[in-house]
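There are two complexes below, and they share subunit A, which is joined by subunit B in the first and by subunit C in the second.
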Partner chain A sequence: MRRATPMVIIVLWLRGVRRPIFPCGQAKNMRPLTQEETNTFFEKLSKYIGENIKLLIDRQDGSYCFRLHKDRVYYMSEEQLKIGSSAAGDTLLSIGSCFGKFTKSGKFHLHVTALDYLAPYAKHKVWLKPSAEQQFLYGHHIMKSGLGRLTEDTEQYQGVIVYNMNDLALGFGVAAKSTLACRNCDPMTIVVFHQADTGQYIRDEDTLT
Partner chain B sequence: MGRKREILEDDKPKKGPGRKTKKQPAPSFKALLGDEGPKKLSHKQKQRQRKREEKKAEKASAGAKRKATPTPNSRPSKKPKLLFDSDGDDDENLRSSDSEEEEMQDEFSEDDVLSDSESEALEKESGKKAKKNEKKAANAATPKAKKQQEKGNAKTRKQEKMAAPESDDEEEDEKSDSDSDDEDESDEEMDVEKASKKLLKKQKQDESLAQDELMLNIKSQEKFTLPSGQEIEKEDILDLVILSECSLLVLLFVTRVWGKRDRVVNASNSRSGGRGISHIRHILADFSERREEGRSRKEYLDQLCRDLCARFNYNEFLMERLLGLFPNEIMDFLEANEYPRPVTIRTNTLKTRRRDLGPMLIDRGVNVEPMARWSGVGLTVFDTKVPLGATPEYLGGHYMLQGGASFLPVMALAPQERERVLDMCAAPGGKSSYIAALMKNTGLLWSNDANRERCKAIVSNLHRLGVINSLVTNYDGRAMKKVFHSFDRVLLDAPCSGTGVISKDEAVKINKDEKDILRCSHLQKELLLSAIDCCNANSKTGGYIVYSTCSIMVEENEWVIDYALKKRNVKIVPCGLDFGKEGFVNFEQHRFHPSLRLTRRFYPHTHNLDGFFVAKLQKFSNKIPGEENKTDQVEENGEESAKSENKTDQAEENGEDSAKSGDAESKGKKAANSDTKKQAKQKSTDKDSETSKSSSPDKNKAKKNATPDKKNFQSGKKVAGKLKKPGFLPKKGFKNKKKGN
Partner chain C sequence: MADEKQSLVDTVLSQTSNDQQLKTTNVENEELIELDEGNLLAVNENKIDTKGFKKRGENVLLSLTRDATQVLFNSLWKLPESKTWLPREKPVPKKKAPTKWEEYAKGKGILNKKKSRMVWDEQSQQYKPRWGYNRANDDTKDWVIEVPDNADPYEDQFEKRKTAKKERVAKNELQRLRNIARTQKKKVPGIGLAPTEQPSKDHLSKALAVAHKSTASIGKFTDRLPKEKPSKFTGKKRKFEPSIGNLGTEKEKQLKVLDSVSKKIPTINVTKAANRVLRQDEEKRAEDKKSKKTPKKMKGRKATLGLGKPGRQGGGNKKTRGKRKR
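And now, the complex of A and B:
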C-alpha cells in the first residue's frame, strides 16, 4: 500500500483516528507531500520561522520544492528533482537538503540538517555563554545559568534557534519558559528544551538522514 | 683556490694592512728547504713517538700470537658476520649513521691488519719482505718520516709497515706538525727557487705514491661481501631465536627509549638493517668499481630489498615495486612513510572565509597557518589543544578535515557554476564538498559511492557543510552510465591499493601483493570507462574527466589511463597543477602514450603530501570506438586486455610518431583505427578458438561493423557535431548488439 486511499481515510476517520494517515510501507520513489503532510510539516516549521515559510517556496533564484522520500522531507531545486528522479528508488539516499522526517505515528521531526534554512529566517533566538556551548552540543537542555541572551517576547513553547556568542548557529529547541518567566527563575532551571544540535552530525550520523 | 705564494711581488710595497693579511700571512714553503738539515723534535713529541712505537710493538706481538692458530676456512664466512652481527649492538643503536660508517671502516682496517699479518707470518722469519717494505717506505714516506725511521730500530719499522693504514695517518699528522715547526726555523732567502721546485716535485711524487698506497688499502677495505644463501637462512633462524628470546626485554627497553613507532625498526636495525643498506647502496652507486668479484647486481639488489624489508617491515613484493619506482630516493620515500603528513583543513567557502576561520581557530587554541601557495582554502594545523573534529566551528560546517593531496583532483577538475558534476567514488564527501564550494552551490553535484555505509558519511558531511545542490546515491560506479550520462565533468577518485598513504595505514606495507594491485587496476579500468561514458563531450563548458588515486603504482595509474585512451575518444589535457612530477611514459616493460607526461604524480618525500596521482582527460566525442561490434571488452579481465594492448601498442606508437600527439581529431581517428584493428584481431582469435561454431556469420558481422565504424570516424568531427543527444548513442549500440545476438 503506497498511499492512503480515500476509502481507508474514511474508515479510519469513522474509527476516530483524527491524524494524518501515512503509507505503512516505505515509498519507493519521491513524491510530493499530501495535504495533511504539508499541514503538519508547515505547522512545525512555522514554530521556528513563522510566515517566512513562503520565502522558501517563492524564491527569486529558481523554483524549489519539497518532496517526500522514505518518510523524509527533502528540499530541492527543480533541476535536482528532474535529474534525481532518474535515480530515485532504493539507491537514492539524499537529494538537496533534508528537513526532517515523519514518524510512524504521523508526527514530524525537524532534523538539524534543516538548520541552514531555519537560522536565517528565525524569529526567536537564544545566545549561549561559551561555558554552556559544549553542554548543548552534547545534547543537554539549556539552563538559565548558560543563557547569554534571549529574544524579547518569546512565548512559552516557542521554537528558538540557539546560537553561541560568535553568532554561530548551534541548533534549535523549544523555549521552556517565556522571556518574562526566565528573568525570575533560579540558575538551574531549564529554559530551553533541546531538540537538535550540530553535534548530531557526529553522534547520529547513521540515523540523521 | 687557497692562498697563493707571492713570488714576484715580494718587493712591491704593500698597499695597506688588509684585514686578511693581518690574520693570515701569505704561506711560505720555506719549511721544505730545511729538510736536509737535521730536525729537532720537541720533548713531548719525542715522548709521544716513543709511546706509539711501544704500542705498535705490543700489537705486533699480539698479532703474531694469533697467527699461531690460523683458521683459514672461517674467514669468508666471518666477514659478513662481522658486518651484520657486530658485538657492539647496544652502542650502535645510539650512534648516528655517520658514526656507523666510520666504525665500519675501522672494522675493515682491523680486518686488513689481521690479514696482512697472516700473510706475512711465514715470510717474517726470512725478513726479506721487511726489507722490501723499508725500501718502499723510503720512497713513499716524507723526509720527516724518514728521519723517524732512522731513529727507530728495525723491529718497529717492520711493525709499522704491517699496520699500514694507521701509520699512514700518523705520517700525515706528523707532516703537518713538522710543517708548522719548520716555518719557525727557516729564515733563508730565496736563492733556491730551483731547489724548491725540485722539492715540490719530489713531494708530489711522494704524495702520489702515498695516495696510491692509500687507495690500495681503501680498495681492499671497501669490499663488501654478500652473505650466501645459507647464511641468510641462518640469519633468519637467528632472527627468530633472538627475537623470541629477548623480544620482551628489548622491546620494553626500546619502546621506553624511542617510542612506539621505532620499536620494530630498531630491533631489526641493530642486527642487519642500517649498515647493510647504506653499504649496498654505496656499492650500487658505482657498481663496476666497488662490487665483489663474481657477484651480480641482482644479488646485491635482492639483499638490499631484504634488508629494507626487514628494517621498515614491508613485504618483498611491495619493496621490489618501490625500488623500481624510486631507485635513488628509496630511503627518502621509506623514511617519509614513517611519519604522518601534516594535518590540514579546508575552509568551507560556502560558510566562511579563510581569513575569518584562522583567527577563530587560534582563539580556540588551534595553531594554524595558511597552507602552501597553491591553495587558497587550506590551513595547516601545527598543534591543537582541542579535538579538531569536534569544535563548534567544525560542527557548524566551517571547515573540513582533509589531506592536502585530496585538494588536487578537485582543483584539476575545476568545476564551474551551473554545471552538472559527478563524483563517482565520493565517500566520505571531502572532495565532493570542495566541488560544491567551487560551484558555489549552483548546478548539480551528484555524489555516488558503492558502499552504503560510507554513503552515510557523505550525506552527513554534505549537510554539515551546507551543500544544497547535491544528490547522493549508492550505485556501483560501473552502472552509472545507465542511470544518467550527461554530466559536464566527472571526478573519479578510484578505489586503490593505497600505496601512497602508507603513513596513514601501515597495514598496506604487508597485505598487498601482485593480485591486489591487478585487481585494483582492473576495477579502475572499468570505472574509468564508465566515468568517461557518463561524461558528455558536447557540453559547452566541460567534457572533462579527472582520474585520481592515492596509489603510486604504475599499474593503477598510467596503465589505466593508457587503457582508456585506447578504448574511448579521450585525450589527456594538462591538469592545471603547476607542481608535481610528470607521469611515466616508459616504465619497466610498459610503453605508454607520450601525452601521459601531462599527468601528475605527488610523493610524500618530495611534496610532503600523500602519494597521489592526478590525470585530466577531455572527451572529444561521445562515440565509443567500435561500439557496434563490441562484445565484452569492458568485462574482459585485466590481464587479457593488457596483452591485447601490448600487441597493438607498437603499431599505435609507430603511427603516432608521424603525427602530432596533441591533435584531437587525428588522434580520434587513430584510436578508432587501432581499435577496429584490435577488434578484428580479437575476432580472428575468437574464431580460431571456436572453429567448431559457425564462424562465417561472425566474421561477416565483424567486417560489416568494422567498415561503417571506420567511416564514421574518418569523418570524425562531423559525426560528433551532429550528435545532439549523446545519451542515445550507447543505447543504440546496445540495441544493435541485442539484435545481433
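And now, the complex of A and C:
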C-alpha cells in the first residue's frame, strides 16, 4: 500500500457522442454511500479483511474515500475526487479504483480490481499449487488436489484471498469447506469457490472499470 | 315651405348621385405607368386604343391622363415607413404549459411522430378518418365478438369493451384536470390506486402502503408484520450527502458503521462451540451409561459390601428376571 496509487480518471468527452439519458430517479453524479449501502459494503469487505477496513478509511498518507457512481463503488483520494467531480456525471466512466458494484437487488459484488487493496490485509489465505494456478485463472473453482496451503481455522464460507506459491495474489473466493473438513475430504472436492481472479483483466476487459 | 324643402332634397340627391360617379383612388393597370416623382412626371408609353379614340375622341386621352395623374399623386402622398417601434397593446400570449406526458417525453427524448389522418379501412375498402365520427376500424360497430381463450364465456364482451372505453375516457379527463391544476400550482389530491387489469408486484406493495395509512390516525397504530420491510412508497425523496463535503465527518460516520459491522461478527466460532457442546454431551451420556452398568456388574460383591448404588428394587416379574440373569 506504500506505493503511490496511479491517478486514473477516465472521462468520455467527445463531441457528437450522444450522452445517455438516465432513467428517472438515478443520480447522475457520483455520491457518497448511504448508511445502508455502507453497511452492506463493509459487511462484504469484512469477510475478506475483517476490521482492517479501518486501515482503508483512516489512512496516514492522506484522506481517501469511497464514492458511488453508476452503482459501482470507487475508492479514491481526496485529490482525485476533486478533479473527478468537475467532470459531468454521465461522461465519467471510471475514477480511482473500482471495488465492486451493487446489484439491482441491493447486494454488493466485489470485483478483481479490489484485489490490490484486499490482498495486503487478508485474514485468510489459500496458496495454490503451480499445477492448479492456470485452472483458477481461467475461472474455475479450486479443488483439494490443487490446494497447497490454507490458513488455519478458516471457517466454511469465509472469504479467502488466493495466492500462488510465490505469494503473488491471484484472486479471491469463498472457502467451501473449513480447514478441518478439508483434511478429511477427497482430492476432487471443491475447497474454494472462485469469485474473482486476475485473468478477468483479460476475459472481462470491456466490463471492468 | 314644403316646395323649398323638396328642392333642397333634390339638389342633395343629385349631388350624391354625382359623387357616385367619381372614380376611386385605385387605378387599373397601375404598373403600366412609369413615374418620376422628382419631376412630377408620369408617363404611359403604351399604345393608345385607336378604335376607342375614333369613337370617343378626346375622352380616352382624358381618362388616361387622369389615371396617370392619380398614380403620381398616390405615390406622392404615400407615407414613408415609420422608424420608431411602438409597443404592442396586449402582452405576448404565454406559451401553453406542457402536460405531464410532454414533460416526460421531453426528458426521455421521445419525439412526436405525425400520423396520417386517414387510414385504410379493410372492411369498407376505403380511406376513413383515424378517429372520430365514421372512423376506420371502429370496434364499437362490431355485431359479433369472439370470446377470447380463458375468458368467462358468460361475460358480456360488448359491455366489457364499453366499460374499458369509459374508464379510458375518465382517466384521460382526470389527467387533463390534473394537468390544469398543476399549471395553476394548486395541490392535487392523490387518487390512491387506480384499478389495473394485471396488477404488478409494485402495484400490490403500493396498495399495501395505502392500506396501512388509511386509518383515522394515518397509520400510526397500524400493526406490522414481524419482519416487514419499510415501504418504498412513502413519498419521501432520497437525499444524498454532497460529494465534496467534509471528508472528516464522512470518515467518522464510516468508522461508526464499521464498529456496528464488527459487532455483528461473532467473536466465538459458533460451529466449533456447538461441536464441542455436542461432544461433551455425548461423553456425558456415555459416562452415564457406564456408571449405570458398573453397579450391575459389581452387584455380587459390592452390594454386600455396601458399595455402589443398590440394584434394581422390585419391578418386573419372576419370568423376566430369570431370563435376564441367563
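Descriptive notes on the structure:
What we mean here is this: the second predicted complex is superposed on the first by the 182 of 209 C-alpha atoms of A that agree within 3 Å, B and C clash if a C-alpha of one lies under 4 Å from a C-alpha of the other, contacts with A are read in each partner's own complex, and residues count from 1 in each chain.
In this text, contacts are C-beta pairs under 8 Å (C-beta built on N, C-alpha and C of every residue); 3 or more make two chains touch, one makes a residue touch a chain.
Worth saying up front: this structure is predicted, and the values here are computed from it rather than measured.
Taken together through their common subunit A, the two structures put subunit B and subunit C side by side without a clash.
In the superposed model, A:Ile53 makes contact with subunit C only, not with subunit B. In the superposition on chain A, A:Ser178 makes contact with subunit C only, while subunit B stays out of contact range.
Looking at the shared chain after the overlay, A:Lys107 reaches neither subunit B nor subunit C. In the superposition on chain A, contact of A:Arg149 is made with neither subunit B nor subunit C.
In the superposition on chain A, contact is made by A:Leu208 with subunit B only, not with subunit C. When the two complexes are overlaid on their common chain A, residue A:Ile83 makes contact with subunit B while staying clear of subunit C.
Touch criterion met: A:Asn166 reaches subunit B, while subunit C stays clear of it. Legend: residue contacts after superposition of the two complexes on their common chain; A:Thr91 is shown touching subunit B, with no touch to subunit C. Between subunit B and subunit C, the shortest distance over C-alpha atoms in the superposed arrangement works out to 16 Å.
When both complexes are aligned on chain A by C-alpha atoms, no subunit A residue touches subunit B in the first and subunit C in the second. Considering their complex, residues 75-77, 79-80, 83-84, 86-87, 91-98, 113, 116, 133, 137, 164, 166, 168-170, 197-199, 201-202, 205-206, 208-209 of subunit A touch subunit B.
On subunit B, the positions that touch subunit A within their shared complex are 360, 389-390, 392-393, 395-398, 420, 443-444, 446, 452, 455-460, 462-464, 466, 468-475, 483-484.
By the touch criterion stated above, subunit C contacts subunit A in their complex at residues 107-109, 238, 240-241, 243-245, 247-248, 250-251, 253-255, 257-258, 260-262, 264-265, 269, 271. Those residues of subunit A that touch subunit C in the complex are listed here as 21, 24, 27, 29-32, 34-35, 38-39, 42-43, 46, 50-51, 53-54, 57-58, 63, 65-67, 78, 81-82, 85, 153, 155-156, 178.
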